[in-house]
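Read from first to last, the chains carry the letters A, B, C and D; within each, the first residue is number 1.
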Amino acid sequence: MANLNVNIGNLSLKNPVLTASGTFGYGEEFADFIDLNRLGGFIVKGTTLEPRQGNDYPRMVETPSGMLNAVGLQNKGVEYFISEIYPRLLQYDSEIIVNISGSSIDDYRKVAEMLAPLDRIRAIEVNISCPNVKSGGMAFGTTTEGAASVTKAVREAFPKTLIVKLSPNVTSIADIARAVEAEGADSVSLINTLMGMAIDVERQRPYLSTITGGLSGAAVRPVAVRMVWQVSKAVKIPVIGLGGIMNGRDAIEFMLAGARAIEVGTANFINPAVTVEIVDYMNDYCERHGVKDINEIVGMI
Amino acid sequence: MANLNVNIGNLSLKNPVLTASGTFGYGEEFADFIDLNRLGGFIVKGTTLEPRQGNDYPRMVETPSGMLNAVGLQNKGVEYFISEIYPRLLQYDSEIIVNISGSSIDDYRKVAEMLAPLDRIRAIEVNISCPNVKSGGMAFGTTTEGAASVTKAVREAFPKTLIVKLSPNVTSIADIARAVEAEGADSVSLINTLMGMAIDVERQRPYLSTITGGLSGAAVRPVAVRMVWQVSKAVKIPVIGLGGIMNGRDAIEFMLAGARAIEVGTANFINPAVTVEIVDYMNDYCERHGVKDINEIVGMI
Amino acid sequence: MEKYNKRMGDFRITENAAIAENYSLLKLIPVEGLLSDSAIRPGQFVQVVTPNNATYLRRPISICYIDNDANEMWLLIRKAGDGTRALCDQPNGATINMIYSLGNGFDLSEAGSSPLLIGGGVGVAPLLNLGAELNRQGIKPTFLLGARSAKDVLLAEEFAKYGDVHVSTEDGSAGEKGLVTTNTILNSEFTHIYCCGPMPMMKAIAKIAREKSTPCEVSLENVMACGVGACLCCVEKTTAGNVCVCKEGPVFNIDQLLW
Amino acid sequence: MEKYNKRMGDFRITENAAIAENYSLLKLIPVEGLLSDSAIRPGQFVQVVTPNNATYLRRPISICYIDNDANEMWLLIRKAGDGTRALCDQPNGATINMIYSLGNGFDLSEAGSSPLLIGGGVGVAPLLNLGAELNRQGIKPTFLLGARSAKDVLLAEEFAKYGDVHVSTEDGSAGEKGLVTTNTILNSEFTHIYCCGPMPMMKAIAKIAREKSTPCEVSLENVMACGVGACLCCVEKTTAGNVCVCKEGPVFNIDQLLW
């Protein structure tokens, strides 16, 4: 068996397979299908300072090899997470990473501060790229200044592994990644969803209540792989790759492009056991290619 | 029968259906399958000042609901077009639009100057968004300054309808569109391909000789519809929509989002008769929805 | 054997019958295991991988009936899009993958002695399993089925096994002419109403139930992706805020809804 | 009736036979019209929509044989990916859409009195139609077929109808042991070589042909999208620069290539 252990900053993952925020609930929703302890970790859904109801229904429409969503960060807030969810997650030995969002830099800082004391939260993923909320979110993620300022504030509040999740809706994602690295981020994860839109031509109205939404799924994978490749050449910190990973082959594709770890998102909806199948594939792949340590293949391209 | 005639600047199209540059050859390649005179027009492949051999093989790989290409503007140059191709195209009464590219602003200007005297070339499409060439191409299309400078130069050289084809690989395509409009473009067409990449994980190498390429096909449609919607709200000039149009439904989707005309690209490879089927669908759609003039539905969303 | 809440598994189609124009009844058995291990409740649903890559995501389908003796699940499917059409076109013997059984299901403890089960179109599906289960609990329900015309009245003979069946058709070719909302059976008193059908029908029934102070549950079919409460796409506004139809529903007491 | 160069049309599968492990021979007839109207040349190919949305783009397949009397086209397909697998799994009676007939085909005017037709693996496909056409022109070709082992020698009985058949197998279980490039038939003199198979094989045959000064044509299978010369994806470097294999090929005289 090859070594699948990878490190993201000071965070050690038993394998590179993580779940993408907002696609895996709090993990528990998938406990009937898989052994959660077989994952490198799971990234729990986007958490904000205050509870949020998210956007109106309809929030989803299927598109060719993908889907548009406009959930809008519906969640019960960081206090609820700390008091109700976190204790339940302690039963799993996979890493628990909390994805955080905010409408202001101060929001981000406060959420990070509140999570910092939790022993088993060894990393947070800062979402500066959500296309589905009115203020904050993607606004911070589309300029180097915005991305840097959020990273700086969170870095001061959270001493453990800090991952910043980047938006693909930019001219140069490498520039954003460098700005985030310069402010002390331990890692970047990419890509969040591409901003998209679909129209019901018979009813002559958008499918989503918010008109536009975030595109995910296999359709976006070529864009995601390209961006992971560009960013991994541009920064020294480890890159976490995501965007349309449907199976083990796709996961390896991201690692060859430069990802140290990967996140599985939309595929969880289609195959709730896909994450552990990817772990199995990684073992097979390493054996087939004589790879002793999966870190060897990271960034081969 | 509803009126399908639409105007792009001074260019009058018998219907909104155009073919995307580089996907329809010089039209002749499809003459066995369809009556070319039923199209609004066809946009002939990217033409440069000097002949170009394009990129090395392999240039294409299929991706989920799409394809990556890296042709790199292979063409025989503008002089060959004028002497050999143009005379043959005069037999068709659909509009002939020439897509032009260059490595320098001067290249663009010269090609436009050489095409200006041709009576039947009533419009050109200026490609500032090709992701597959080393210099020029997308470089001009990803900054407002670059886009404006190319437009300005071509505007001086070409007095007829000037369409500028925009890159989706930017933070704000609306800003680019406004810059191009300010320099006198009569129309913008969007989107060109999204920059993407795919890796053969067994051979551990990229599928394309150029590593990255341009993603097209149904996969990108949600991104394209969103950008057409954003741009049509940002500029007063007519917008031409393209990106993953596979059938009549998709074409109407772009028009509802704000496109005055549409271009069919990758779909020609799958169904060489798709363009005329789209014209038929437009007639049916207008009848079904009581639309007397297709211009009524443009930008309903 | 442990009773799982949710499983993923392949099912083999033992019978696929076109029971009306655009409607097929699929009977399926799990390739492995027993349905009785899953303790499937009336009103729950499955998430199906559609054949031939017809759709990217799974499609939610109500469980129509569970025959634990035959280890058989029935799905009633209306050809509405590419996914459901591909399902209806599957031959006997074909295998399809499902996640099951999902959602909360109907609350049988509230049925009382004389519940009314109202279904419109393909919405009749979950009422068959509900009627059978009520029978097993010694309750004989009344059914009210709505359809466009006589040929679209679905599974009437099956429903008749478990209770009296009343019908409304829009063209009057069977039962009373009109929508279910004007059927005269609604003049009788019932202990509980269970309803599944098009949204306007369910809203109209909810209004009638409120007027008559009859407890009422409805089964929603919001567009969903995951089916397990993870993606938060299929939300319905309730007195407790936005909740997932796939997990907190698909069945809601109308008192929970903001209708 | 007008002879079209290219058409798009549906074909019905009249017979789908697995002729070896991973190889199927599909016989198809056009749903409308006569193949003889298309003047299909040996070495041309079709672009097929793969069943069940297995692939996004069409897949190019060599035309193996045309039976104008039966109005039948044969396609020899190797299960190499999702698209070809879906084609091989299609039942008799299924309909598939094709664009046909594409490319230039072999140059028969250069065959001479004793041409050698060399095929490796699924590359034998276009040589059957070529052999039949040569026969019709009064020429009896020699065939050299390469395969991994005896069970993979494809369509040997069909080839034998048109000329002598020589075989090389990697394991020696049929014909001579080794690759086609070491088959002793190559010691004989031929007027022309037509070759289709894996790239390393064709390059090796091209080298031998040059050494012996025998004219040689090879059929390439570069990855392509449109099949009609529009997308410029399938280019091969030639003495005339990059040209489309789908339109200027798939058959090239080796003198055109930069091998």
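Everything that follows uses one rule, which is that a contact is a pair of C-beta atoms (placed from the backbone, for glycine too) under 8 Å apart; a residue touches a chain by one contact, two chains touch by 3 or more.
The structure presented is a predicted model; accordingly, all values stated were derived computationally and were not measured.
Without chain B, the rest of the assembly holds together as one piece through touching.
Taking the mean of the C-alpha atoms as each chain's centre, chain A and chain B sit 34 Å apart.
The distance from the centre of chain A to the centre of chain D, each centre being the mean of the chain's C-alpha atoms, comes to 48 Å. Annotation for chain B: residues 63-66, 217-218 touch two or more other chains. Contacts with at least two other chains are made by no residue of chain C.
Chain contact topology: the protein chains form a single closed ring, every chain touching exactly two others. Contacts between chains, counted with the stated touch criterion, involve the pairs A-B, A-C, B-D, C-D. Interface residues of chain C facing chain D in the complex, by the touch rule stated above, are 51-54.
Contact residues on chain C toward chain A in their complex (touch as defined above): 4-8, 49, 55-58, 99, 222-237, 241-242, 247. Considering their complex, residues 63-66, 68, 142-143, 169-171, 194-199, 201, 204-206, 211-212, 215, 217-223, 225-226, 229, 244, 249, 252-253, 256-257, 285, 289, 297, 300-301 of chain A touch chain B.
The touching residues of chain B, when paired with chain D in their complex, are 22-25, 29-30, 32-33, 45, 53-54, 56-67, 69, 71, 74, 217-218, 266, 268-273.
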